[in-house]
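Naming follows writing order (A, B, C and D), and every chain is counted from residue 1.
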Amino acid sequence: MRIGYLGPPGTFTEMALLRLPEAEEADAVPCASVDVALGRVRAGELDAAVVAMENSVEGGVSATLDSLATGSSLHIVGEVLVPIRFVLAVRPGTTLEDIHAVATHSHAWAQVRGWMSEHLPEAVFMPALSNAAAAADLGGEGASSFQAAVCPQIAADRHGLVPLADDIGDIPDAVTRFVVAARPGRMPEPTGADKTTLVLFQRDDRPGGLLGLLEQFAARGINLTRLESRPTKASLGSYCFSIDLEGHVADERVGETLMGLHRICSEVRFVGSYPRADLRPAEIHPDHGDEAYVDARLWLELLRRP
Amino acid sequence: MRIGYLGPPGTFTEMALLRLPEAEEADAVPCASVDVALGRVRAGELDAAVVAMENSVEGGVSATLDSLATGSSLHIVGEVLVPIRFVLAVRPGTTLEDIHAVATHSHAWAQVRGWMSEHLPEAVFMPALSNAAAAADLGGEGASSFQAAVCPQIAADRHGLVPLADDIGDIPDAVTRFVVAARPGRMPEPTGADKTTLVLFQRDDRPGGLLGLLEQFAARGINLTRLESRPTKASLGSYCFSIDLEGHVADERVGETLMGLHRICSEVRFVGSYPRADLRPAEIHPDHGDEAYVDARLWLELLRRP
Amino acid sequence: MRIGYLGPPGTFTEMALLRLPEAEEADAVPCASVDVALGRVRAGELDAAVVAMENSVEGGVSATLDSLATGSSLHIVGEVLVPIRFVLAVRPGTTLEDIHAVATHSHAWAQVRGWMSEHLPEAVFMPALSNAAAAADLGGEGASSFQAAVCPQIAADRHGLVPLADDIGDIPDAVTRFVVAARPGRMPEPTGADKTTLVLFQRDDRPGGLLGLLEQFAARGINLTRLESRPTKASLGSYCFSIDLEGHVADERVGETLMGLHRICSEVRFVGSYPRADLRPAEIHPDHGDEAYVDARLWLELLRRP
Amino acid sequence: MRIGYLGPPGTFTEMALLRLPEAEEADAVPCASVDVALGRVRAGELDAAVVAMENSVEGGVSATLDSLATGSSLHIVGEVLVPIRFVLAVRPGTTLEDIHAVATHSHAWAQVRGWMSEHLPEAVFMPALSNAAAAADLGGEGASSFQAAVCPQIAADRHGLVPLADDIGDIPDAVTRFVVAARPGRMPEPTGADKTTLVLFQRDDRPGGLLGLLEQFAARGINLTRLESRPTKASLGSYCFSIDLEGHVADERVGETLMGLHRICSEVRFVGSYPRADLRPAEIHPDHGDEAYVDARLWLELLRRP
């Protein structure tokens, strides 16, 4: 089994991959970007890819949301939560006074600005393709235009760097949620603690129409755990909605909701049902349990019987 | 075939019965009250009964609504609209000056109060079991404690009375809607211009809970043509709702709505699907047509297929 | 002070009137009907009238609802709850075997049908203008065409009758709610346990439009304690809604709701704010308390200040 | 007057600034980032700043949304729409074959990936702080690690570069919306074609609670033109909502909506009312016009008057 991730080795995405039960047996394949990783899954070159979905500080990861919302269908089959902890990695011997430029991914930079303005107010930010790439570059043979990288400890270790400061993120307890995406075909069984991911395209694309979509969920007692608007790229103000809900497509109330959305949306893209990383079971009011649906269906069949 | 109605002969209910296509072949059986008529249908002594459901001036007919909402199940299989026109019926030779007391059913009295206060301000109202009973009493052999009856022309004719004044109702174009009720078993086919009657009992019986019920209809684009609250007789402020909607239980959107109500109500009583008297076809948005439901179901089945 | 009620003496309405604090000082004036009583208040001949509003078994009292919904404005200023208990009243010496006909108001008859079919299955029902009128007639000097009256004990006492059977209602704990109506001008102060009565006329008169009205209440956390549709008499299926809500027009959330309804209805008729008979205080979520409204208004004023 | 923008000169943000009526008289001050620009406005060093708010392809600009949602209050006082058109800028004499690495901002790179994979499939992406910075770097004196920059024509011109290809964006008609932010104090007058920007924080922070917020807008007939969820940074799944609506805080319906939101949210941050760039007037149903609000208020005052 071959699983792609955002490389080079040492990224948070690799840390997420390593937490998967499948990781021991699988071949971890670094990819240059989220697009490349998901493209290789679509092309059949990889069995799955681990990609970042949302971060507690920076929000949704646009590249992932947009790639899952377009192109040939991929399904999420699992999720992993990874605590985010940054170090300031340097070549051995470097001191704070030596640092004039710091490289990292722009998302990471956004999360350490407070620390930087306090400890390295004069340092210039050099954007990098990934945190691990910044570490790899700094740890490499040649000269480097910067003296420090912001990255996870694991990336520092891999590239012969040492942490000059640890846990330098501005927000404590930052977490990133990663998902495992695969070609449709092996849907995880319902566990009672599941999520389902959807992308909804409205006929009438004004955000106001969102009310009608949300009522479909509310009418069946379904909680949403994430909702993000994304441009459909058609015109300014034209949005689709990327949504995670509590429950599995095999649940009656989720199936009814999907059918209701299918009737009123121009497109409903199903992006998979999968077990929650936090194992928290869905709280279901008896009105919305499977039994209530089965009862109602039997009752209707009796009414309609000639 | 034996069809009951509120007698004696000459009532508006008999007029409604005579408009039924089945009337020619059927045996019309006068009954002492709505309760008696529906009770004899339940007992199998009659095949059906014609009963008043609502009047454009006086509103819902409590006896009919309550009898259909309780006891063993009856289904409405048809409806008839009858224009309501009252005459002031007297024995031949009687003049306005002779009239000191007027008998009629209290509902009829309520509809002619304006005329009475103008033309017979001193006349006393004598309540009768039905308009036709008042006419029969006045037209009978013995002495009578009143000199005029408010009734339809047909009742005057039957009992040897003459109209001293015609069309004396205060509201022009008053109409009463009658329904034909039978034991479950012969549901009329959908025609595209149908109604369905329901009685809804809430778990939480506050009128505020009505909002949740109405949302079930709105979510499927279903119009209501009548909604009335009726006491459940349990305590003051405990209500059920008697409802007519546009559509047939065989319609997908009506079936879905019934299932939705079944999940959230303590009881949903189905009181029949039947063709509308006015033949006005339901206007259905494509989101709520049968095709949209079938499409959504097939789509979901494909998603769920392993 | 002169207060009208549905006479003759001995009606449940008189019992309601006697429970008013004002009763001792006031002059109780029997009236022939609800319409007459309210008409005399409108005309200034009476200061107020006590009329039945709803009964736990028979539902809303159409004559009261319709009279309050039309004509010149009246305001409810108080309410009274009266337990309903019927006796079978006869002349002294009468036995069950002697009874061939029973007189009472049709609403009373509807509430004792079970007892009658068990104990007097052959007795004929004779409709009367009121229960007390039936008792007065039976207790009068002349011959009577019936041998028993269904009425409250008080009516039997007044007219020299004795109870052959007591508490003969089919539903235990039946209650009727009476209201005191007066010309606008002396609104009761808010007590924290109040009701407000409204009549709502929709622009678009389909019952489906009711959803939009109910949302106005739900959005401000307002409970309804009664909701009834009544025909506007314009055409079959044209309804207005008679509503009681928890709260006083002086409450912020009630005022906001009234303004919201005023914007979307063709007419909102205010029929008074008054203390609840059961003294149960309104439960108000902090989001909907007066303080939340005042805070929000001050905040908006600051935003708008140039 | 001093107006900040994301520098260096040659950015789309500078193009937006130049379209402002105030631009001729004002001093345009390049800033290193959105955060720096808005921070200098907050500190009183600048009178206003022009910042990107959303792009039709890439969606909301997180740095702007987050900076406006936190810290001391800023108000938007205007908006500008700028069509986005990229060129591939090179030093004179460079040909496609010479290009091995391309620098630009990551947002720009996301919008030209299609063109790049077709024409320069082997080229490496070098992230830059801005498109204009990439052009400045390439046009500078020293050696450069890349041979082309993706930037607007204006940036190429400023830095002595020539376009090797024009209009290389994957999505035609891409547009970015910029806003002018200033310290509170000079609110633009209502024009009838206005927008208002808000940030809403929920008490209960589940996305499902969004339904209750949207109902506040729907109940007053207010259209939303943008809705985005942003993490509050407290924990994964804790969101606030950044919203643009049609209308001005001086409009009655907008004021009512703001008060309604204030009652149910833990915080409502007002981020300004300002004229729309497209001058499209709001369509207002008469139920929601200023007149309907004023009428309702007068009516309520009369009801409440003692």
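As a convention for this text, a contact is a pair of C-beta atoms (placed from the backbone, for glycine too) under 8 Å apart; a residue touches a chain by one contact, two chains touch by 3 or more.
These are the chains along with the protein names UniProt gives them: A, B, C, D = Prephenate dehydratase.
Note that the structure is predicted; figures quoted are calculated from it, not measured.
The chains that touch chain B as well as chain C do not exist here; no chain meets both. Computed from the mean C-alpha positions, the centre of chain A lies at a distance of 24 Å from the centre of chain D.
Spacing of chain B relative to chain D, judged by their CA centroids, is 61 angstrom. Counting partners per residue, chain A has 215 as the residues that reach two or more other chains.
If you draw each protein chain as a dot and join the dots that touch, you get one closed loop, with every dot joined to exactly two others. Interface note: chains touch in the pairs A-B, A-D, B-C, C-D.
Across the complex, chain C meets chain B through its residues 35, 54-59, 62-63, 81, 106, 110, 113, 125, 127-129, 171, 173, 175, 177, 206-208, 210-211, 214-215, 217-218, 223-231, 233-239. Partner chain C is touched in their complex by these residues of chain D: 187, 215-216, 219, 249-250, 255, 258-260, 262-264, 270, 287-288, 292-293, 295-297, 299-300, 303-304, 306.
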